[in-house]
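Shared between the two complexes below is subunit A, which has subunit B as its partner in the first and subunit C in the second.
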Partner chain A sequence: MKFTCMQNNFLEVILTVQKAVSARSSTPILEGILIETEKDVLKLVGTNLELGIQSYMEANIIQEGSVVLPSRLLSEVIRKLPDAEIEVTVSDNNAVKIACLNSNVTLQGFPADEYPSLPEISENQPIEISKMLLSNMIRETVFAVAVDEARPILTGALLEVEEKNVTMVCLDGYRLALRRGMLEVPHEDLRVIIPGKSLVEVGKILDDDDQTISITVSDRHVLFDLGLTRIISRVLEGEYINYKQIIPEDYKTRVKVDTKILSSSIDRASLIAREGKNNLIKLSLQDQKMVITSNSETGQVYEEVPLLLEGKDLEIAFNARYFMDMLKVIEDQEMCLDFTTGISPCVVRPIKGSNFTYLLLPVRIFA
Partner chain B sequence: MERAILLVDMNAFFISCETTRRPELAGRPAAVAGDPKHRSGIILAPNYEARKYGVKTTMVLHQARKLCPDIVLVPPDHGFYERKSREVMQVLSQFTPVVEQNSIDEAWLDATGCEALFGSTLELAQRIMKEIQSKLGLPCSIGIAENKFLAKVAADMKKPMGITMLGREELDEKLWPLPVGRMYGVGKQTALKLNRIGVFTIGQLAASKPELLSDKLGKWGNELHRLANGIDPSPVLPHAIDEMKSIGRSTTLSHDLTDLMLAKKVILALTDEVGSSARKYKKRGRTIQITIKYSDFKTITRQKKIAATFLTKDIYAAGAELLKENWNPKQPIRLLGIAITNFESDEQDQISFFDFSTESGQKKEEKLEAAVDQIREKHGLSMIKPAILLSQEKNPY
Partner chain C sequence: MKFTCMQNNFLEVILTVQKAVSARSSTPILEGILIETEKDVLKLVGTNLELGIQSYMEANIIQEGSVVLPSRLLSEVIRKLPDAEIEVTVSDNNAVKIACLNSNVTLQGFPADEYPSLPEISENQPIEISKMLLSNMIRETVFAVAVDEARPILTGALLEVEEKNVTMVCLDGYRLALRRGMLEVPHEDLRVIIPGKSLVEVGKILDDDDQTISITVSDRHVLFDLGLTRIISRVLEGEYINYKQIIPEDYKTRVKVDTKILSSSIDRASLIAREGKNNLIKLSLQDQKMVITSNSETGQVYEEVPLLLEGKDLEIAFNARYFMDMLKVIEDQEMCLDFTTGISPCVVRPIKGSNFTYLLLPVRIFA
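Then we have the complex of A and B:
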């Protein structure tokens, strides 16, 4: 195999497919990237068997062929080369010569036929969705997936489609994040649970222009087709939690508050809270304001946030991190918080519309 | 003000405990040891008569018998030693409330400012030693120094029944000539690393450049440098169950295991004990850790996070899964252990969706295991156990 291409193009595509490559694998070839000519373009593939990313790039193909190169090393080498034309030559024993201006690097590769092929996705009708919407949905929910394996299904995000309505839900037992959106083209109803880790990588690759991409779901896999780049992830099998059942409809205390003001107050309180054991902040709602306090060995903090309060006064405590994770992704200027008691969930919604719903469970304090 | 710190170290604790209920052992070479029929039979605690023959802790039985043919071997009874240990701590806490238990058989006391009550610190130490001997019939050694580290060093100097005071001015004579491996806080691996950079004695450690040490050993390097120079500002922290960081059990198997089913059985038997301990102290943990020592003595630990629990069933499920994930039939196993750590804090409790939802199965399981605990409390440990553990001869532990 032999081809030439531009350094910056090559690097960009390597960094894209590398997102699916594990830094350490029990099978050395999985630490590599497959580079293959396909007619007059170049195809790069990275996979960790759970997530696979394949991307095409333009190149001047001189001789067809394929090889697998260690991913981290290759990206470091290409990153450090000057922005000029690179010539890549693979010899019969999979030694790969990379030449660029006055530099010559030779890397030992693996034979390409040992590299696993990405699964084929059946030709179901794809979901058409704008890049921007998908990217926002991921960013605004995926932080709430479970990190521990106690309930493996919760390490994934639920993607739900009902005609034109699309919903993404993540929950880890202590909080829930839900984001709704509208599709341009209706799609038949479906539910699929995508590993949170895969979605994080998809989110990194999506640039938020308004173009449409397609998502195809099969029994075991989901394919995100971005045109030149295709991302294939395993899906999680099993029943997701019935999340609708845990979102309360009623409330005893309702608060309308400016997102930025609340966010900077809790951010300051977190500085003290995170020194403590449980990262705890206490909220006291009365007299049209929220008093936020936190104590730890390092100090104390007191914050007052003006707001509109309707209903009963309330004392409640939260893990500050759960609150901040949510506030970081809410872009609305104002939002609405509903409470029932000091030991029941707080429901966060927009003032207008129903784009998002967050649920935060409090910390019970034994005073 | 200079502090007065004591380290009380019980001498040959297990066998001394046995001697209190079996007076015939007194004056004869004896040791607490694992079951002599099995390989797990190693010497756990020889008394001083046996030590005269060269019998040492962790020595295998046949070697001990070769050195001392008349040695009396007693099987271990950890429950009894734990009770005795609590009695010792009880006695210590009569002298000062600032008692930090370091292990089953030793504790630090901060006696700063107690002179008005008990006279000099040396007199206090003599009273403590006498009190433990007369009340409980157990011997101990006591080290006295200005900090915890030096008190520990001092206590090791004269055994049994010794009281040693160690001042910082005596370090060059008493501490620095010792090999680094003898230092409290330096394990085999650390000693090896230190040897590699030319540090063989505690004195050489004290004279090393702290930067060099922190380079090789990280933060701990600086700490060791301070300790070797006799500096240890750490306070004596009285602690109770709240300070418990983990609950675990492990066992050396009577023969090497290559069968996953049998290994799982061992894990279940160990989990049974871990679970009932965790329930006794009402400690729900979020991390399950298993330890595997292979026949070549290579040891690995693997852990897994789960929803906070103290149920045998949940701990076992996680342990068995870890075992399966890390199973290699080509590597025979010599020791297995399981522990639960990362306990939930008691005062604050992050509420979970699953607290409200209809996971009544969990509640049921909690009632079931509580009932098992009660039966055992009343009628004894072996009255009820998982059916799979009933077949006697196949159990390799």
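Then we have the complex of A and C:
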């Protein structure tokens, strides 16, 4: 194989497909990326067997072929080369010579035929969705997937399509994050559970523009087709939790509050809470304000947040980190918090519309 | 004690004196900073017993007094408060209430009389030096102090004054870094060895402006007086190495080379060198160019750097990291490298003048 291309183009595509490559793998070839010619373009592939990313780039193909190169080392070498034309030549023993102006770097590669191939997915009736909507849906929910593997299904996010309505739901037993959006083109109903780790990488690759990408779901995989880049993830098999049943519709206490003011108060209360055992913040709702307190050996915080309170006074406590995780992704200037009792979940919604729903379980305290 | 001050002023001074405070100390009070009133201003002090920083700030003193507060926690709390007036009140048991708008944070403090006091140094005949010169001298030499304590004297930098000439020298047995400067006002001759760790923190506090600060040297301490901030460091006792004897004046091979071009070539060669055992780069000088090579299991680098060569051809090898450490701080567009043999030190100087001298020991290779 032999080709020439521009340093900055090559680097960009390497960094894209590298997002699917494990930094450490017991199988060294899985720390590599596959580079192969396909007619007159270059195809790069990275995979960790759960997630695969392939990307095409323009190159001047002089001789066809393929090779696998260690991903981290390759990206560092290309990053440190000048922004000029690079010539890549693969010899018979998979040694790859990378020449650029007065530099010659030779990296030892692996044979391409030992690299796992990505599953073939035929793009039949894909879901069309704007990059920006998908990016926001991921960012605003994926923090709530379960980290431990006790219930593997909860390490994934549920993507649900009903006509024009698209919903992403993540929950880990302590909290739930739900984001709704609208498709331009209706699609037949479907539900698929995508690993949270895969979605994090998908989110990094999506630019924040309004172009449309397509999502195709097969029995065992989901394909995100961004044009030159295709991302394929394994899906999680099994039934997701009936999340609609979990979200209470009634409330006894409703609060409207400024997101930034609440967020900076809870952020300060967290500083002291995290020094304690349970990372606990207490909320007391009465007299049109929320009093937030936290205690530990190192000190106390007492914060007053003005708000609109409707219904009964209430005392309730939460894990500070779970509350902050949620507040960090809410972009609305104001939001609405619904409570029933001090031991039942808090439901967070926008003031207008129904773009998002968050649910937080309180921590029982014996005061 | 009770005072009010502005959040941003308070934070700035906390972050300054915190540079002398250890993140972890077996004596908890040493993780704190001392806050005390001094007439109508506030004085903050941080120290790790080797280095001490004290800084004055304007405040509205309502009641005199003093307290010690945990430094990291305090700086995080103040950072997260709004940019508004802060009221600080210390109660009898050293609990400190920090109030700002609707926030009340209480931190448990320590009694001020248990905090170590900084040594008194009378500013008799100080050295006057521009902040920018001192900052450059530190940055361009301090990376070469010894890290291990086998020869404690080498963990310090030698500061030498002779009339108007000021010199800073660091060396660790493998390399030497020397930076010269000129004082505006001559000073009597002196030599003092300042711990490298202290100088790193001094360097962080110096802004890059052309104001003058004063340095006072006593038997056991050195004082950097920046006006509102005073930095006091222990000095290292003992004789420094006679560094002038180490630097060869003769050469058999002299090279003039572009700093950036050499630097980016050696940077690339380092990528492969660091994968090997000895982090080794080989330099071959002939035909008005330098060929730089490195080898490891993962690959090879071959770089050609054009240069002006005077004298004999030469082959020599270096530790890649030591070479890069030096190249990172040289700001001259071109520089001069002098060699004698493949097993004697390389001396690096500016093309014009004598602002800096670096010396690098080669690594013996059996080729």
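Methods note: the second predicted complex is superposed on the first by the 365 of 367 C-alpha atoms of A that agree within 3 Å, B and C clash if a C-alpha of one lies under 4 Å from a C-alpha of the other, contacts with A are read in each partner's own complex, and residues count from 1 in each chain.
We adopt the following convention: contacts are C-beta pairs under 8 Å (C-beta built on N, C-alpha and C of every residue); 3 or more make two chains touch, one makes a residue touch a chain.
No experiment lies behind these values; they were computed from the predicted model shown.
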| item | value |
| --- | --- |
| First, second, both or neither for A:Asp148, with subunit B first and subunit C second | first |
| Contacts of A:Arg268 with subunit B and subunit C, given as first, second, both or neither | second |
| Partner chain(s) touched by A:Arg24 [first = subunit B, second = subunit C, both, neither] | neither |
| First, second, both or neither for A:Val301, with subunit B first and subunit C second | second |
| Touched partner set for A:Lys352, first subunit B, second subunit C, both or neither | neither |
| Per-residue contact with subunit A, leading partner among subunit C and subunit B | C |
| Subunit B-touching residues of subunit A, taken from the complex the two chains share | 147-151, 171, 173-174, 176, 241, 246, 277-278, 280, 317, 319, 343, 361-366 |
| Subunit B residues touching subunit A - in the complex, by the definition given at the top | 286, 304-307, 345-354, 356-357 |
| Touching residues (chain side subunit C, partner subunit A) in the complex | 70, 73, 76-77, 80-82, 95, 102-108, 264-265, 267-268, 271-272, 275, 297-306 |
